[in-house]
Structure formats: structure tokens, C-alpha cells
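The following pair of complexes shares a single chain, subunit A, combined with subunit B in the former and subunit C in the latter.
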Partner chain A sequence: MENQEQRLGIKRLRLAAGYLLRAVALVFAIISINFILIHLMPGDPVMHILGDEQYFTLYNQFPEKLDEVRAQYSLDGSLLTQYLRYLEQVVTLQFGHSFIGGESVAKTVLFRMKWTALLALSAIAISALLGGALGVLAGYRKGGRLDRALTGLFLFLETIPANCLALILLVIFSYKLHWFPVGGMVSGRLSGWPRVLSVLHHMALPVLVLSLFRTSSNFLLMKSYVSQIRDEDYIVVAVAKGISRRHVLFRHVLKNALVPFVTTICLQVGHILSGSMLIEVVFSWKGMGTLIYDAVNNRDYPTVQMCFLLIAVCVVFFNFVSDMLCMRIDPRIQDGVQHG
Partner chain B sequence: MVKKRVSRSMVAGLAILTVFVLIAVFAELLMPYSMSELFAPYQKPSAAHLLGTNDIGQDLLSELILGTRVTLLTGTAAAFFIVLIGTAIGVTAGYCGGLTDRLLSALTSVFMAIPPLPFTIVLVTFMRPSIWNIVAAICLTSWTSTARVVRSRVAQLKEQPFIKIEETLGQKKSVIMLRHLLPNISEIVLMRSTLAVASAMLTEASISFMGLGVYNQKSWGSILYYAFRRNGVVANFYWWYIPPILCVSLCIFAFILIGYYGLGTSTQNGYSVES
Partner chain C sequence: MIEINKLSVVFRGGLTAIDCLDLTVPEKENTVIIGESGSGKSVLLAAILRILPASAQVSGELLLDGTDLLSLGEKEMNELRGTRLAYIPQGGGSSMNPLLTVGYQIAEPLMEKRAASRRTALSAAVDWMKRLNLGSEEKLAAAYPHTLSGGMRQRALIAMGAITGAPILLADEPTKGLDGERIETVTDLLRRLTDRTILCVSHDLRFARLVADKICVMYAAQAVEQCDSGAFFSEPLHPYSRMILEAMPENGLKADMGFAPPHSEAGRMGCRFYDRCPRRGAKCAQAPPMAEREGRKVRCWLYAD
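Moving on, here comes the complex of A and B:
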């Protein structure tokens, strides 16, 4: 008995180590991709960093300044030394300074991250509950009236690009009806509760749009899980035993459907930094999305790169968390049965 | 009953699509003005300019018509390469198995773990703006799900007797893959293609809305970007920003009608709800 438990523990440990190794390898791959991107570009990478005009001005007037920039971005020396230095910089979180304004990229990005996380986490919480609940109801009575109405509605929603719906809502509710602020995150010079209320007021519309789309995908997901489990033999047996419908739904169906659902939600949390990009742009929410938008439009490469790195690492991290979670909840995985 | 409904949605989707394709092909004939003709900027819709003019005085209807071509071309070209790459990798990994499979699957999961939209945006930012670079960036990030689906289907198929017989007869691997496996997954491939067009168009709309479109070849997404950026939305010039939204939605709707309702119901394996 004890022996068996020990074996299980070792198996679990080995699996976890595998997941961890994969996550580390992925982060490594992403950092390398970031490095390759600069160096695959035709021409001098410094030109891409500085922009054509500034590059040629410097090139003609202050060639030594150019070497300085090259050194600052570790673009001198052989490709291998550059790569190693780049790795070192990433690990020690040195991302240089933005070309626009010259602030430290890391500082800006970390500030923006908070606001994006606020937006995305609220949307994930709302949509997980709403989409999950509706999905259970629709999946339990597949083909029923509720199922058909909701599935139609949500599939229709999938055809509208998120930024388009956001634009339309912005025009109707902010410009026409004046119910919500036009953009931004908080009205100036407030503190305490009024400030919190103001933030809530500002985030109402973006969260609504984000939640709608997330709810749609969560609904379809939960529906398919529940309707699959509903056809399993053990549910038929439970119903045949005369167990009440509510009991069957909550104890037998829901409990099993929650396992894949929770891990999917966990995967969604991984996308908190990037999932609301377009919505933020529409509502001028000063988060990661607008940061990337501005950086892209100003060709501010260091900012774009750090944002991408952070977004990707966040995704990989939560993939790892989701794998671990899955392993803890679902004993079948420990027996070596992989699924998905 | 079910069959009838399937074909009806397919016909509806194809009808919408045909209209868009015709507009895209005959864009020059349908455009009331060429893009180089400039009029007074920010005009309201009138008999001369059915959808008004934009911030630099180009006719918006003409811009929308030409945008159909750019959008459809980007979407279909990207989808073509997505499916091509995805199928090639999926069939090879699924059929060859062993080390090849493990390497290709590892590659697939690396690309799956990278968030697609930010990666596409980073790629396009670093490349010179052109339609083909946008196509390449979209492909590079979204071939993975097709590869996964095809791989698992092929792995199932290769255990079937008709493949085993070919193997025993000493048929070449390439012939088995191309002549025997490929025709058997054609339905999945066809369905993935239509859905790939829909998602590629969505991605294109997103990246051109971020301002990464090509300036003199505006897609529907770019038109929306300029409407948003040059105060068309703030001033509520709905004739500027509503038409591209409608076009994008309608076009994606058509592809989903064909792929999901038309082809999807006959093959259960091809489509899975993704988060």
C-alpha cells in the first residue's frame, strides 16, 4: 500500500518536472525568437531601432554616437556574444529605454500591466460564471429552446470582430447617450471611494464587451463538456437509480465537467495581458494594449519587444499552472493517460 | 430535414461570398472614382459620393470596394498557406511517427504556446509593411491547430487495413501520404480552409486596426483604423466606420456558414471549440 503511494508520488513528481522543463524551454524559445527578430532584418539593426531619418543623420554627423547606440543595445561583437548578452539582459530585466520620452521601458510596462489585469480579470470572472452557468443549462437539455437560442446568439457574436462591437457600443452609450465616459480609466483628482466608483464607471463598457466574447466561448465549451458527460453510462445509471435531477446535475455532471472547465479558465488567465488589446485601444484604456498600439505607431521597438516577451511568458506560465492543476484534480492523468 | 438545413446555410454562405468575390475581381469597374482623385475631405454622403469622403478627400465607396480585394486576398492567401503548412506537417507527423512525429509535435506546441495576435503584431512591426508580409506573419502564427487536427486524424487512418495493405506491398511513403491519406482527410482540410479564411480575415482586421496595414492598399480594417484615428468615430461619421464593420462581419459570417454549418456537420472530427 505504502509502496504504491510512493510510486504514485514519484510519478507525479516526474510529470511535474516534465511540465516545468517544457515551460522553461518555451520561455527560452520565446526569448530567442525575440533576439532573432532583430537580427533577421535586412540592413543594420540599429537603423530599425533608430528609424531611417535619425540613423542617417547620426551616420553623417556623429558616427561615434552610432557605436554608442550599438553598444547600448548590445549589437556589437559576434552573434554568439550578442546572444549571450541579450539573454543576460533579459534575465536581469534590463530592457533599455523607450525612444519616445526616454523612460525606462520596464517601469512603463509594469505600470500598464496593472490596469490591463484589472480589466481582464473582471471580464474573466464574469464570463466564467455566466458562460459556465448558461453552458450547463444548455448542455443538460441539448437541443432545447434555451440551447438553440443561446447557441445561435453566441455563434452570431463570433462573426463580429471585437473591436467593431466595441466601437459601436462606444458611439451609442458614450457619444450619444452619455451614460458612460468616452475613454480613459478614472476622472482626475479623486481618492478613496469616489475614485473606485469612477474607475468602475470607466471600465463598465470595456468589461462588458470583453465579457460578452469570453462568455460566448465559455458557453460553447461548457455546453459541449456537459452534453458529452450527460450521455455517459454512469449518468444513465444515476438517473435510473431514481436520484433527483438536481442531484444528478450538480454531483455527477457538474463535478466532472468542472475539471476541464477550470483548466480552460486558467489558460484564459494566461492571456490577461494580451486578450484585451483591441478593446483597450477603442476605449483608450491605458493598459498594455494601448501601449503596444502607441509603440507600434511610433516604431518604438524596445517597448514592443518587452510587451511581447511579457505576454508570452505570462501565457507559458499559466499553461504550466493549468497543467499542474489538471494533474492535481484529475487522477487519471497520473496513471499516464494523457488527453487533449 | 437536417440535410436540407445544412445545404441551405451553405447556399446562403456561398451566395454572400460570390457577391464579395465579384466585387473584389471587378473592383476597378465598380469604383465610381479612382483612389488618386481627391475631393473636399470629410464630406457627408451625397449623390456624387454615396458614402462621403475620408480625411484626405478620397471617395469612401471606392475605398470600400478596393478594400474588398485587399481583405479577401489577404484572408484567402493566408488561409491557403496555413492549410498547406498545417496539412503538410500534420500528415508527415501523423504518418511517419517516431522521432519525426516528436520533433514536429514539439515545434507545433512551441508555436501554440506563443500568443498569436501579439506575435503577429510584433512580426509585422519589424517587417516592411506589405500585404505579403502580413500574410506571412499570419501564417507563421496560425498553422498549428490545423496541424494538430490533421495529425490525429492521420494517426487514426494509418492503422486502417487499406494503408496497411499498401505498406505490405512496399508502396513508397510519399505515395501513401499523397495518394491514399490526403484524399481521406480532404473533408477536414476543406473545412479547416474555410474556417482559416474567417480567422485570417479577423486577424488581418485586427492588425490593420492597430495601424499596421499598408497605407496605399487599404483593407476594411485599415479604413476602420483611419476612421478611428482621424476622428471619424468621435465626430460620428457613421457612413465612414459602419460599412467596413458590416462588410467584415458579413464576410466572416459567410465563411462560418459554409465551414461550420455546411461542412462541419458532416465531419465531427474537424471542428473543436477552442478557447
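Moving on, here comes the complex of A and C:
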């Protein structure tokens, strides 16, 4: 029996190592595809660095000057040379400087990332708790009054485009009622608690919009998981044992519904940096969304590359976290058992 | 004592799973319900426990010591489950929660209904597993259901039902998937539980012969014969009862037991066994009454006065 436990331990360790190895390979593949996609974008980045007029002047009169600019921004050499240079940058975490402003890409991206994470994490936390809890209640009493009311409401919300709802709320609560600021992230010249309150005030509307959408999808997913699980034989057996409704729900139903729900939430967290781009644009939130939008328009390769890399790493990392959490919750995954 | 009067269970869409069943389950005796798949045996146990899906319409009376279970609220009914009524489900892979340990699931009713500490309940679970001869019981208690074989799972489910000490035990195919030696263990255990009233559903006639005091034969949602176990095995009355006994290997597999639901007009409106009955007559196109003969009940025109 002890040997069997040791073997199981090794098997689980191997499984975790396999997941990790796959994640690393995936990040490497993403880095490469990321580089190729960005360099396939039409237009010469030097044109965006110098501006149209200066670019064409140099192009016609001093083409060697253009090569100098290319060398200065590491845009010279073959695509392979540039790729190897890019790989070196990634490995040494030297992401260079923006083609446009000249500031450190890492510094800019990390600053913007902080603000996006604030927005997205709040929305994910609220929607996971609210959508999850309501989904459990509605799914457990499928067809009941709560289920019918909430399903109708959330299906309606699912059909409205996020930016459309954001604009409606902006018009009502900011322009008409003046309850919330029209845009931005914080009022100027504030520090301490007043600054914290100002940030909360500014983020209220965007978080509300993001939360509403995520809550509706989380609700519908959780409801579906729970309504399937509550009809499983082991739930009927738990009821037949005389277990209280609360314990049947929490110990038996919820635990089983957690596996797919954790995966869903982890995937949402994985998209934390890129998932609220439209909302950021509507509410003038200076986060990753607007940064990527501007960087793509200006062919700012270093910024785009680092943003895409961070997004990819984030997705892969939280996918790995989801695998580990599911393995922790479900012993069948630990043992590598196939189940439906 | 359980007294069942005119119990009917109809599922949405009109499927009748139990049709006007009358049955008395005497106290501290073993009653075994036999019959082929789809005859309504398991539905009867689920109806007593009130664990049928919402799509099932139940009518009639289910009296537990005079109290009609169908008239109880869900809270009152839940108080009876695990204290007065215990359930042994069929041991398919889906009867145990895959994310909880076997020991915990066996011990759970004790923690929930008898307020036993986790330690005491788990220790009792291991004791019951030992009584059912599962082997390496302490380790198995900490294992998850997917690591157990079908037979081990079945015995764990028996432990789960028996551990509560509830005076009435409802067992659904407790020997399903067990080999001869394990069937003997389960049979011994059930025979030793003389202080309990056992209502058991089984396909296994040899097991029924060993544990049953009373037999109820079900066919196509109806009880067709009810009598003492001895009388049933020595002299079955209903043609269906004769057929299933003749189909036993020790009786030379004399009957062909090919399953056929009632399909003719007479089979649907009259005797349900009409289409398969070797002794059918003109009268059998009408629904037969439940005839009483020497303390035995038989739903057949052959025995109707």
C-alpha cells in the first residue's frame, strides 16, 4: 500500500511537471508567433517613428539615414536576426524603449498593467461571487421563481454589446445625473484616502459594466453545471441518506460544480490584461487596452511585443493554475482517470 | 411496518412505473421484491424515500407505522431518512460522490443524523467495512470511489446504508456485481440484521431464497404474486413466477425468459402477462383481480373465484 502511495505521488508529480512543461513550450510558441504576426503588419515602423514627411524626405534624398534609424531601433538585418535579437531581449527581460515616446517599455507597460488589473480583478471577483452564488441557487432549484427571473435578466444582459451598455450608463449616470466622473482614473493632486476614494469613484461605472457581463455569463455557466450535477445518482443518494439540503448543496453539488467553474474563472483571470479593452476606451481608462490600441496604430513594436507577451504569459499561467487547482479538487485528475 | 395502499407512480409522458400496488412489509422481516428490469421495483424504493424526480406523480398511501409518508413536508421526511429509513443504492459507479472519500461517505449519515464526531463516525465506517470484508479497510476509507472495484463499491454502499442503524432498510440490488463469495458475505450480514425490517429489490433469486421471509413478484408495474418465501420457491402460483423459477440454472433453465413488454390490446387492457403466458385464456383479456388463496395473493384469473 505504501509503495502504491509512492507510485501515486510520483504519478501526480509527473502530471504537474507535464503541465508545466507544456505551459513553457506554449509560451515559447506564442513568443515566436507574436513576433511573426507583428512583423507581418503592413507599413514601415520607421515611418511612424519619423512621421510621413520626414520619412519620405529621407527615403528620396538620404536613404542611408533611414538605415541608420533602422539600426538605432534594432529594425535592421534579416527577420531571423531580428527574431534572435527579440528572443535575447525576452530572456534577459530587456524590452527596450518605445518607438514613439522613447520611454522604457517595461515601465510603461507595468504602470498601465496595474490600472487594468485593478479594474479587471475587481470585476472578476464580484462577478465570480455573485454569478457563482446566484447560479448555484438557480441551478439547484431549476424552474423555480428565482431561476426564471434571473435567467431572463441575465440572458437579456448577455445580448447587449458591452460598449453599448457602457455608453448608456455613461450618459445616464455621468452626463445626466453627474453621479460618476465621465472618464479618467483619479482626480488630480490627491493623496492618501481621498485618492483611494477618488479611484473607487472613477472605477465604479467601468467595474459595474464589466461585472454585469461577467456575472451573467458566470451565472448561466454555474446554473448549467449545478442543474446537471443535482440530478446525478450520488446527489439522490445523499438526499436518501437524510443529509440536510444545505450540506447536499455545499458538500456534494458545489464541490463537483467547482471543477468546471474554477477553470472558467481562471481563464477569465488569464484574460485580465486584454479583456476590458473596449470598456477602457469608453471610460478613458489609461490601462493596457488603450496602450495596445495606440501601440498597434503607431507600429510601436517593442510596446506591442511586450503587451502581447504579457497577455500570453498571463493566459498560459492561469491555465496552469486552473489545472493545478482542478487536480487538487478532483482526485480523478490527480490519478489521471478519464471521466465524463 | 410499512403498508402500501394503491400506490401508483406515473412519470411525465404517461409512463406508469407502478400501478395500484398494495403491499405490507412486516416488522423485522425481510421482504424481497423480484421481477425483471423496468417492472417498477427500484421506483418503489425511491417512492418510499420520496427521492423520485419532480416529473413523477405519486398517488395512494405509503404508511410508515400509520403515518402517510406522502403527506409529510420535505423537512419532516428528511428527518425520517437516515433515522427511520436507510437506503442501500445500486452500486453503479455513479452512486458515490467522486470527490469525497469512501470512508467519509459511509460515515456521513452518522455525523449528520446522530451528531457523531468525525473520528467516531469514521471509526464506525471502518468497522462496517470490516464486517463486509472489504480488506485494508483503513486505507480504503481514505480512498476515493474511482479506486474501488465494482464489488467493493457495492459493499461500501451496503455499509453506508447499514451504518445508520435505522430500523427499516431499503436495499436496491445489494448483490449486483458481486461474486459468489461476496454474495455470501452480504447474505450473511442481511440475515444477521434480525432487528431490522428489510425491503430489498433483487434480480438474484438464489439470494432472495436465502434472505427473504416474504416475496413480492412484480411484472410490468404491478405486483402479480405475494407470499411467504418458502411457499413461493416450493409452489409458485402465477405463471410468471413459475417461469422465472424454471429459468433458474438449478431448475434446468427450462423457461425462455426473453423480455417482452405487453404489446397486444389484451396485454395492455387485461392481464399484463397475457402476451407471454402459456396458460392464457379468454378471460385474461380483462384485468385480473388480486385473488387471495391460503394467505397468498395472486393476480391471475386461474385463482380467481
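In the analysis below, the second predicted complex is superposed on the first by the 296 of 340 C-alpha atoms of A that agree within 3 Å, B and C clash if a C-alpha of one lies under 4 Å from a C-alpha of the other, contacts with A are read in each partner's own complex, and residues count from 1 in each chain.
The working rule: a contact is a pair of C-beta atoms (placed from the backbone, for glycine too) under 8 Å apart; a residue touches a chain by one contact, two chains touch by 3 or more.
What you are looking at is a predicted structure, and each value in this text was computed from that prediction instead of being measured.
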Which superposed partner A:240 touches (first subunit B, second subunit C, both, neither): second
Touching partner for A:255 - first (subunit B), second (subunit C), both, neither: second
Partner contacting more residues of subunit A (subunit B vs subunit C): B
First, second, both or neither for A:281, with subunit B first and subunit C second: first
Touched partner set for A:19, first subunit B, second subunit C, both or neither: neither
Touched partner set for A:232, first subunit B, second subunit C, both or neither: second
Touched partner set for A:170, first subunit B, second subunit C, both or neither: first
Touched partner set for A:299, first subunit B, second subunit C, both or neither: first
Contacts of A:317 with subunit B and subunit C, given as first, second, both or neither: neither
Partner chain in contact with A:83 - subunit B first, subunit C second, else both or neither: neither
Interface residues, subunit A side, partner subunit C - complex: 1, 231-234, 236-245, 247, 251-252, 255-256, 329-332, 335, 337, 339
Residue numbers on subunit B that touch subunit A, as the complex places them: 109-110, 113-115, 117-119, 121-123, 125-127, 202, 205-206, 209-212, 224, 228, 233-234, 236, 238, 241, 245, 248-249, 252-253, 256, 260, 273-275
Subunit B-touching residues of subunit A, taken from the complex the two chains share: 22, 26, 29-30, 33, 37-38, 41, 48, 155-156, 158-161, 163-164, 167-168, 170-171, 175-176, 217-218, 220-221, 224, 264, 267-268, 271, 274, 277-278, 281-282, 292-293, 296-297, 299, 301, 304-305, 307-308, 311-312, 315-316, 319
Touch list for subunit C against partner subunit A, complex: 46, 49, 51, 53, 78-83, 86-87, 89, 92, 94-100, 108-109, 112-113, 136, 139, 144, 146-147, 157, 160, 164
